[in-house]
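The same subunit A turns up in both complexes below, where it pairs with subunit B and then with subunit C.
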Partner chain A sequence: MAQITLSGVKKIYPGGVEAVKGVDLEIAEGEFVVFVGPSGCGKSTLLRMIAGLETVSQGEIRIGDRVVNNVEPADRDIAMVFQNYALYPHMSVRQNLSYGLKNRKMPKEEITRRIDDTARILQITDYLDRKPRALSGGQRQRVAMGRAIVRDPAAFLFDEPLSNLDAKLRLHMRGEIKHLHRRLATTSVYVTHDQLEAMTLADKLVVLNGGRIEQVGKPLDLYRRPASVFVAGFLGAPAMNLLDAHVDGGALHVGDVQILQGVAAQGPVIAGLRPEDVHARVQPGGAFRLEFVEELGGMRLLHGSVEGQRLIIQSPLQAEVGPEMALQIAPEALHLFNVADGMRITNAVRQAPEAADATG
Partner chain B sequence: MVENRPFLTFLAHLVMVLGVLFVAFPVWIAFVASTHEPGTFLSGVVPMLPGKAGWETYRQILFSGVSASGAPPIWLMMKNSLIMALSITVGKITISILSAFAIVYFRFPFRVAAFWLIFITLMLPVEVRIVPTFKVVADLGMLNSYAGLSIPLIASATATFLFRQFFLTIPDELAEAARIDGASPMKFFRDMVLPLSRTNIAALFVILFIYGWNQYVWPMLITTDPDHYTLVMGIKRMVAVADSDPQWNYVMASVVLAMLPPVLVVVGMQRLFVKGLVEQEK
Partner chain C sequence: MQTKRMTFRSHWLPYALIAPQLAVTLIFFIWPAAQAIRQSFLREDPFGLSSRFVGLANYTRLLDNPEYLESFRVTVVFSTATAALSMGLALLLALAVDRIIRANQFYTTLVIWPYAVAPAVAGVLWWFMFNPTIGIFTYILEVVGYDWNDRLNSADAMTLVVVAASWKQISYNFLFFVAGLQSIPMSLREAAAIDGAGPVKRFFTVVFPLLSPTTFFLLVVNITYTMFDTFGIVDATTAGGPNRATNILVYKVYQDGFIGLNLGSSAAQSVILMLIVMALTFVQFRWIERRVQY
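And now, the complex of A and B:
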């Protein structure tokens, strides 16, 4: 087990394309860190640099107190789980697990003991003598994780390990990974583009965009106080509503509709509202024009618009729904962002007086 | 397309039976001819059933040879053919799998150029460069030797190309996983690439063995010593006898014997061979 430190890490591909543009990050011992971002944000490249599969163009990567920039992947004391599992197809599960250990000249009894332990943890004891071909997706996934666990490395690296599984199995394996981490407490770095997976697994969430870190922190902190429009729009499903708005004399307007009062900003802003933070009640002439309703079973999503801008509202089943509705928003639920750079405007809401009604 | 019409089934079988007859008939005639007296086949009436002289004919060509045409015993020529075919096969597979491995898995200067240089040799088979190749082999003193028979034929791009295409289908993650598991490049080659290429190697073995076995022009050029005659060119020698009729029963017996090893190789490797052509285990 070890902490991992990235300082000023850059990846510049031949031809001048900068995939990772200077990343500084501390990963504490035993922490579960998730890199999340859209495709092409550099999250996989970053992980592969930690693994040693990509060279580091600039900066420094430390695992423990060792700079590993020029250390072979095998000597970094890490284990990696790949998206397509990368099991050795001609070897049995047992051989797959033991291959890395044999290459390290581990004594036979020790290998057997470790494989038995790992197989028990992952419940793959019954398949040890099968070939990967004869396993289901979930079982292959377990074997791929087993190959990492059996090594007992300083850190686990996961490269979108669940994206090849169907939705139900993915949920299940997500739980198992979480459980496993609690049990083994090994430093883990996990890459995904699925924000839900990221939110639920991470001790520390790293949102990447365009090769840079957008925000780092506990998942809920990021959810509650996104540092930028990008993070706000990326985390949460359905995503946060982002409206072009302007503040005039402390009142927030969308188009001609006043949404909220007591806002400490001035001029054009981007207003962020989580669907679950917006409440609507039926009122003829209300600002919200309902277009259609999405039934999710336990709740419903109201899709519509305010002054021509799309807005999604999460609504309880018992609430009434009508074609025109008035909006109710708690001031503390409002997120404001600069139009110019998309960064969060802090302390935007002066105080919380009575929730203002917005009627058109 | 699955159709179930009796007439079509009948037609399909008819075509297949005709095809088999078309291919098998000459082979049958060759076998029949090898079991008759030398003169029978020249009389104008071609028998359709085996004769009685078979044992004698086969015994004679196998162990003492046909003295009239200066051909050594068949077993010697068979041995030569076998050594040549196996050297070509093993040599080609070894060299091409290694060069394909280098081209696919290593980044070195002029990698692409190297591949295309190898590829271009596809357009220059032995027959095209026969004179310069002969000159080189002669200057190296390799006339009348197994090395001279096989080495010039080993250089070829077909197998390299085939292996390259196969290696490109092996996912990169496999190499990366092996790397993290502490496998050196050659260990990766031995533990992963080689076992995964098993069916491809088998398919190539069959194809190249037959290619080597059937070599005709090249052995004829560089062997003048009967001890190094190969079977295929030996047959030609038996046909081209001076001042007398060729002894067809001996010729046909040699032909039948010459067919055996390739048939054995195909039958023996059939399962792997078909697998290698059709499916890929990944």
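And now, the complex of A and C:
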């Protein structure tokens, strides 16, 4: 096990395209770090640089105490789980698991012992002599993880490992990965574009955008205090409502409608409101014009607009719904962002009690 | 798969459309083949004025003839050596092209060129380069102390036809190997790299086994090529000599039939070659369709 340190890491492709534009990050021993971001944000490139599959153009990557910029992937003491699993199709499951160990000249008894242990943990003992093509998607996924676990490396690297599974299996495997990490406590770096996967798995969440880190922190901290409009819009489903607003004399207005009072900012801002933080009650002439309702079973989503700007409200089933509704928003639920650079305006409103405390 | 079915109103149009192809097949393949089969049971008099039915005598004579069996042996050596050399070099070139990023299209194009050269021209080309008197390779070999003479030395002659035949076939093999390599997912090689396999080990334990369908296909195609398409090369370089050292089966058909004018025997040899080709085709369809390996 080891910590991983990235300092000033850049990836510049021939032709001058900068995929990663200077990333500094500390990954502590045993930590589960998730890189999340839209496609093209550089998250996979960053992971592949840690793995040694891409060269580092600038900066330094350390695994443990060692600078690994020029170390071969095989000698970095890492194991990787690929998106398409990358199982060797001509080898049985057992051979797939033992390949990396045999290449490292491990004694036979030790290989057998490790494979048996790993197979038991992942419940793949029954398939050890099958070829990958005779396995289902979920079973292949387990074998791919088994191939990483059996090596007992300093760190696991996951490159969108669940994106080829169907929704139900994905949820199940997400739980298993979490469970495995509890059990093995190996430093893990996990790349995904799925914000839900990122929120649920991460000890530390790294949101990337355009080759840069937007924000790093515990998932709930990021959810509660997003540092920028990008993070605010990326985490959470349905996404945070982002409205063009302006503050005039301490009052927040959207168009001509006053939403809130007691705001310590001035001029045009972007107001962020999570769907679950907005409450609406039926009131003829209210600012919220309902367009349609989405029934999710346990709750419903109200789609509508305020002064022509789209707004989604998460509403409990017992609440009444009408075509015109008035909005109620707690001041601490409001997020304000600069119009110019999209960064969070801190101390603009009375904040919720420190989010970090709440996560425990 | 869904196939779109065309229906024709008139009865004669579909036949008219396939008629040219049928005509070519009939005139240039079926008719000569039938002629060869008929001829192989006949013996002609020395002046070509009459012929009589001799049953299987042409075949039994052939199989008792040490010269013919020697030609078989020469063909096996030639085929094996040519297939091994051309496939080996093609695989090396394909691996090289697979590794380079810049201008690999350019190199690919260059490697494909020899395929466009007619066999006889390729033969003449190599004949010149290895010419005992004026050849550039003969000169180079002499510098390093080897006295090359493909007109007297049967090993030299065999080497020459193998090199010339391989050179032409490398392009074809190369294309298939490049395609085969591209169909192996990059992540498999990356996984092997992380699993601690060096480039050489990676090739032998992951890449080569996954290429085996391509390799097997090429093996059959190459054997077919060396047995039947190399007449031009042999004729232009060694003409089967010296002392029949490069007299492969397909060349012997020509020599006995068109030079020796022993049409019955030549026809029997053609029929045997046809049977070999049918067997190879059968092997190819039988095994390649339901791929041998993983």
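Convention: the second predicted complex is superposed on the first by the 349 of 360 C-alpha atoms of A that agree within 3 Å, B and C clash if a C-alpha of one lies under 4 Å from a C-alpha of the other, contacts with A are read in each partner's own complex, and residues count from 1 in each chain.
Rule of thumb we're sticking to: a contact is a pair of C-beta atoms (placed from the backbone, for glycine too) under 8 Å apart; a residue touches a chain by one contact, two chains touch by 3 or more.
This is a predicted model, so every value here is computed, not measured.
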Looking at the overlay, what does A:Pro73 touch: subunit B (first), subunit C (second), both, or neither?
-> both
Of the two partner chains, subunit B (first) and subunit C (second), which one does A:Leu196 touch, if any: first, second, both, or neither?
-> neither
Counting only touches as set out at the top, which of subunit B and subunit C does A:Leu169 meet: first, second, both, neither?
-> neither
Just subunit B (first), just subunit C (second), both, or neither: which does A:Ala239 touch?
-> neither
Once the complexes are superposed, what residues of subunit A are shared between the subunit B interface and the subunit C interface?
-> 51-53, 72-74, 78-80, 82-84, 86, 88-90, 99-100, 103-104, 133, 147
Subunit A - residues contacting subunit B, complex = 51-53, 72-74, 78-80, 82-84, 86-90, 99-100, 103-104, 133, 147
Name, in rising order, each residue of subunit B that touches subunit A in their complex.
-> 171, 173-174, 176-183, 187, 191-192, 195-196, 281-282
Can you check the complex and tell me which residues of subunit C touch subunit A?
-> 185, 187-188, 190-198, 201, 205-206, 209-210, 293-294
What residues of subunit A sit close enough to touch subunit C in their complex?
-> 51-53, 72-74, 78-80, 82-84, 86, 88-90, 99-100, 103-104, 131, 133, 147, 151
